[in-house]
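Presented sequentially are two complexes of chain A, the first with chain B as partner and the second with chain C.
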Partner chain A sequence: MSFRWSRAAAIAQKEMYHVLRDRFTLTLALGLPVFMVFTFGFAIEFNVKNVPLAVHDADKTQTSRRVIDTFGSSGYFLVDPVVSPAAAQQAIDGDRSRAALVIPGGFQKDLLSGGVAKAQLLLDGSDNSTVGPILGYVASIEAIASRRIADFDPPKPIEIHTRFLFNPELNSRWFVIPGLAVAVLAILAVLLTALTVAREWENGSMELLLSTPAEPLEIIVGKLAPYAVLGLVGLAFVYVISRTVFALPFRGSHVLFVLGGILFLATYLALGLLISVLTRRQQIAMQLAMMAGMIPAFLLSGFIFPIASMPAFFRYLTMVLPARWFMTIARDSYLKGSTLVEMGTAFLALGVLCVIIIAIAARKFKKDLEP
Partner chain B sequence: MKDSAVEVQNLSVRFGDFTAVDSISFAVRRGEVFGFLGANGAGKTTTIRVLCGLLRPSAGYGSVAGVALDAGEMAIKARVGYMSQKFTLYDDLTVEENLSFIAGLRKLDPAVYAKRRDSILAFITFQRPLNALIRDLPGGIKQQVALAASILHDPEVVFLDEPTAGVTPAARSRFWALIRDLARQGKTIFVTTHYMDEAEQCDRIALMRAGQIVALDTPARLKAEVFPEQLFELEAVSPVHYGDMDGLRDHPDVAFFEPYGMRFHVALRKTVGGENLRRELASRFRVQAISPTLEDVFIRTVEGERR
Partner chain C sequence: MRTLRAFLRKEFKQALRDPRMRILLFITPMIQLTLFGLALSTDIKNVDLWAQPDSNDYLLRRIYDRSVESQWFRSASGDHNADPFELVRSGKADAALVSPPGGLSRAVARGAGDLQLLVNSMNVLEAQAVEQYVRNISNAVIEDDLHIKRPEFPISFEVRVLYNPTLETAFFMVPGVMCMLLSITTIILTGMSLTREKEVGTFEMLISAPVSATEVILGKTIPYLVLGIVQIPLVLAVAVFGFGVPMRGSFAVLLVASVAFVCTTVAIGTLISTIASNQQQSTMGGFLFLFPAILLSGLMFPIENMPAPMMWASYVDPLTHYLALLRNIMLKGGEGSFVVKHVLILIGMAVLLILASFRRFRTTLQ
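Presenting the complex of A and B:
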């Protein structure tokens, strides 16, 4: 077998003409990264702010008003006074409020008589993504309110100062956008590759390629090269928008980030190739590409749902998914500034998966093309 | 054989239990236009794919352009041109892009390519811009450009698998003029077709049925071999029912009977009974002695054996 770059280049050039004349591919490749970064950057907010809070104040004293003021001035809650505890409940039922604060009569009296003033907080447990942050806010507000009412700092036997590393404001954009690098590459690489190779089978042009002295490896390299370039352009788009529009930090090494990207891209191009060899039909290839490429990249990579809180089975399953490892590399490169040694496991795992998937795809493709 | 462009001995191709090509043997001379005729699934395309190095035979020996089939596909692919029935050119690419793509796969030197391209396009009298998209070309022109693409690397043997399927009769006849010209230039043309008029233009034709070659000769000799009897065309003077004619099919003096619309082709044996039958038929039909067409030959050899 003799690999000729000139033949691979001829195929790559032909493929480039296809891409340039096919609006769908071009729009998907260039538009998707931009669309996704802006959508996830602007529209999806995991930080909870301006939570509608129904408040019923049966006490109507200086103390109760001070508590309510503290909630209102925190910036996290929008106070909405209601007439009764039942109305507070209704506000949650009717989705007008996420939480309700009910201050019973005798609130101030209990406090002044040396006891503990008790109020009730109702939370909408049906949306558990907001409950956690709200509880966190309430704890701080409670402490601040106590201080303001008592007018002094109570001595504390233990004091824990919390500091969030890498993302001090727990800005969800910082968390999500690096993950988009993974999602964008996953979609572009698997889908476009699966479609383009399946198309050659479907319209019979694979036969034309094979009637010339072109080798299977030349066909693979030539066909995939333009999509590798498109993938890298997509990655660059994500990077530039994240740094300029959303002002994300990038603390790690660009070389490692790109290296991880290339490994991931190569793995997914091979996966796309494998899918197209198995299906040979564009439509089935597309569906399989969605299932095998995109769903794991979105759901099981830790992109949105943390791997640490998955059931054991899924936690182990994610280990064989290239997306999980590149997700680690992308996030750690952006936020932590990790070194190669610190990301050693991720690189090793990604490298091994890359070699395995390429080997399987190349073998299957070659076997299929042999006379 | 030194002057054989293609030579095949006892070639078989099996897919699992199915025998697509069943021990066929033939030889094609250099500069010959050799036709393959047969129904769909008779094994024509499979044979061509073997001879182009796209498929390995299950058994048998073959050589193409002086290269043995077992000497490696790449050597064969370099010496033959192939135009498949399913796909010819990329629709979303221009003429130039398609041709230069093929040239790239064939590793033609750019200067050699430009010269070959110009001379071949002149040969097919292509008068449109080189940057015209293939999808904008009429079917006949597209077919001719596909032919140009398959001979770009100046192959010794050109395999054309139903090259004129779906183009107009005028474009077909133009295409066949090109094929004859190529043969005159010394190229060996190996072509499959469904059209009998195209088969008539071949130097020799092989009739295939169920993976076997059932007849192989020049069109004229095939007709003489297959029809030793005189063939008559019957034209009904008054409307006839096909049912009334069925008796003729099994008549002891009828060697061949086939309806062609409202006409019938009947071959009568040279017997007393045959002569009597002819006279009897003449009372009901306009009877005319004709020479058989390739279609008659095809029906009698390929389909007739099934009866």
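Presenting the complex of A and C:
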């Protein structure tokens, strides 16, 4: 027997009814991308502001007040006066403040006598999301306070002018939302497929399907088609919301973006299928889908954590992760406007991984079916 | 009580019958923690930097060489006449130094040393770090090569980073990953185990069996509660012995917080299972809860920065409180009033959620 589209289409139709009948899953599958783009879009801001700063001023002079003012008016800190240096440290211990400024007595006197007025700044090292940015701000506040209060403006032999390319305002949304296209596809494709097919095995209906005249390959194509459609609809949702609600630019080619999406989707559907063949139980399929599909897509794809900063072993490991390559394609399409040639490596790698994973999944599926 | 014990025995057997499940439940959290503790870093490194090679421009070369010597940058390929913008666009370089016409050394001699830095800012965090690195390196070059002493600001801050003075990334990441792994396994697995009964039709059997609704729900959820609690010392051992994350507070307090937290997540899993009718639905429902819960917990993104409605949402997120407790107890030694407050909040949430899930479960049983 040979592959026939009509039979695959019949199975796809049956599967489509299945999905459409299950309102709950359908709502979740379509609601998830929308929900994720909105929460990520509104919640994420890397440019830290409103850091609670506990301040103890033992000097109580014009100078010390102006220093505190400089912190307050920078927009980065919310000043919260405390009664003693110990209370400042306690504020950090109790997570009420992320930083503390302790100005010793004699601060103004030190400055007026031509020396250096030193204040202590304590930072909370337990929270990675704030400590890095605050360290960056401190240097500039030091310079601003010295210029404003002591009229000190040292010459700078080398002045660095930074031009931020592709995201000039350092907008956190521009950084995060294109990556969500990858995350959303990863969840929908790998999880839904792995679970649906594992379910067929769990309740024995896979045997039933196999006893029909349909070929294994037809069954695969038929079963996966509706999920491919769901994935593409999810991708479309991400695109539309990103462009309308969050006004992201899209500088590249839509054709390439969609092509990358389809390649990635096909790879992840095959991965989901492979997982379901290997496990045949939904609870285990879910755990594996998470390990092999979703967690890498979130954490090892360069979504938030840059790949270049990882240790060498992980840098090479990410090369076999389809999510990494689609991440490149999605970001470059949105922000850089790269051409096919410029994204050649990513497309080539994604294509090769796609073929390999589909081949393994199809082989494993066929082999398991033969008596 | 006897019925419950028998029920529990059956449930434990069922959950752990599959050897693959045993591996997944106990070994994967440790593997994942190890992987992510090693791989993920907020410390930016290996940024590909390009500068136009010019043998006459001593200062530019010094800045470039020192950049590459530091582990922060690597030298990017790109020929002599390359257009720096194109290099960054094509991805051959992440950042490029462009000296003023005639070279940086001459410009500095003229008193106008403007050095342009082009940075690919698609990754906001990376772009900010790169700018900071180049500033620091250029300051060092001014001091060492131009022999101009770094100006001492008349007003200066002595900065001390408490609890993690060397800014070890593992100290930051490990408590967060612990919190994430624990909530994922307990919520999703509890939900799936309960809906599985519905799916294969054994739920009706449970109803007709001579066990009360309370026994059913306790019997079904306690195993996952125990599995979650057993994971805590395992994961903690990897954190402390594998990554050297300090454990400055009391283990008993941490355990109390963890039990309260696992109670909330198991109750959430139960609630989801009462809405879902099959395992696929309950998994999707679980993730629909988990994504925002992880996002709003302060694990990767500061809560202080979120708009007000999101901030309120993060206060009712059990992950926020558990993560805050983990960080506070492990790194800071656990400040009394803070720990009490957040443990009480977690216990309160656990009680509310358990009551709600009992009620919902009873109605679905009838």
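As a convention for this text, the second predicted complex is superposed on the first by the 357 of 371 C-alpha atoms of A that agree within 3 Å, B and C clash if a C-alpha of one lies under 4 Å from a C-alpha of the other, contacts with A are read in each partner's own complex, and residues count from 1 in each chain.
Just so we're on the same page, a residue touches a chain if its C-beta (ideal position, glycine included) is under 8 Å from a C-beta of that chain, and two chains touch if they have at least 3 such contacts.
Values in this document were obtained by computation on a predicted structure and should not be read as measured data.
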| item | value |
| --- | --- |
| Superposition on chain A - do chain B and chain C clash or fit | fit |
| Touching partner for A:203 - first (chain B), second (chain C), both, neither | both |
| Which of chain B and chain C A:242 touches, first, second, both or neither | neither |
| Chain B versus chain C as contact partner of A:4, first or second or both or neither | first |
| Partner chain(s) touched by A:187 [first = chain B, second = chain C, both, neither] | second |
| Comparison of chain B and chain C by chain A residues contacted | C |
| Touched partner set for A:267, first chain B, second chain C, both or neither | neither |
| Partner chain in contact with A:22 - chain B first, chain C second, else both or neither | both |
| Chain B versus chain C as contact partner of A:97, first or second or both or neither | neither |
| Which superposed partner A:276 touches (first chain B, second chain C, both, neither) | neither |
| Minimum C-alpha separation between chain B and chain C after superposing on chain A, in Å | 12 |
| Touching both chain B and chain C, residues of chain A | 22, 203 |
| Interfacial residue positions of chain A with respect to chain B in the complex | 4, 6-7, 9-11, 13-14, 17-18, 21-22, 203-205, 207-214, 371 |
| Contact footprint of chain A on chain C as seen in their complex | 18, 20-21, 24, 28, 32, 36, 38-48, 59, 63, 85, 88-91, 94, 104, 108, 113-129, 131-132, 134-135, 138, 141-142, 146, 148, 151-165, 167, 169, 171-173, 184-185, 188-189, 192-193, 196, 199-200, 275-281, 283-285, 287-288, 291-292, 295-296, 298, 300-302, 304-307, 310, 324, 327-328, 331-333, 335, 337-338 |
| Chain C partner contacts - residues on chain A that touch it in the complex | 22, 24-25, 28-29, 31-32, 35-36, 39-40, 42-52, 63, 67, 89-90, 92-96, 98, 101, 111, 115-133, 135-136, 138, 141-143, 145-146, 149-150, 152, 154, 156-168, 170-172, 174-175, 187, 191-192, 195-196, 199, 202-203, 279, 281-284, 286-288, 290-291, 295, 299-300, 302, 304-306, 308-311, 314, 331-332, 335-336, 338, 342 |
| Touching residues (chain side chain B, partner chain A) in the complex | 52-56, 73-74, 77-78, 80, 82, 84, 86-88, 90, 92-93, 97, 100-107 |
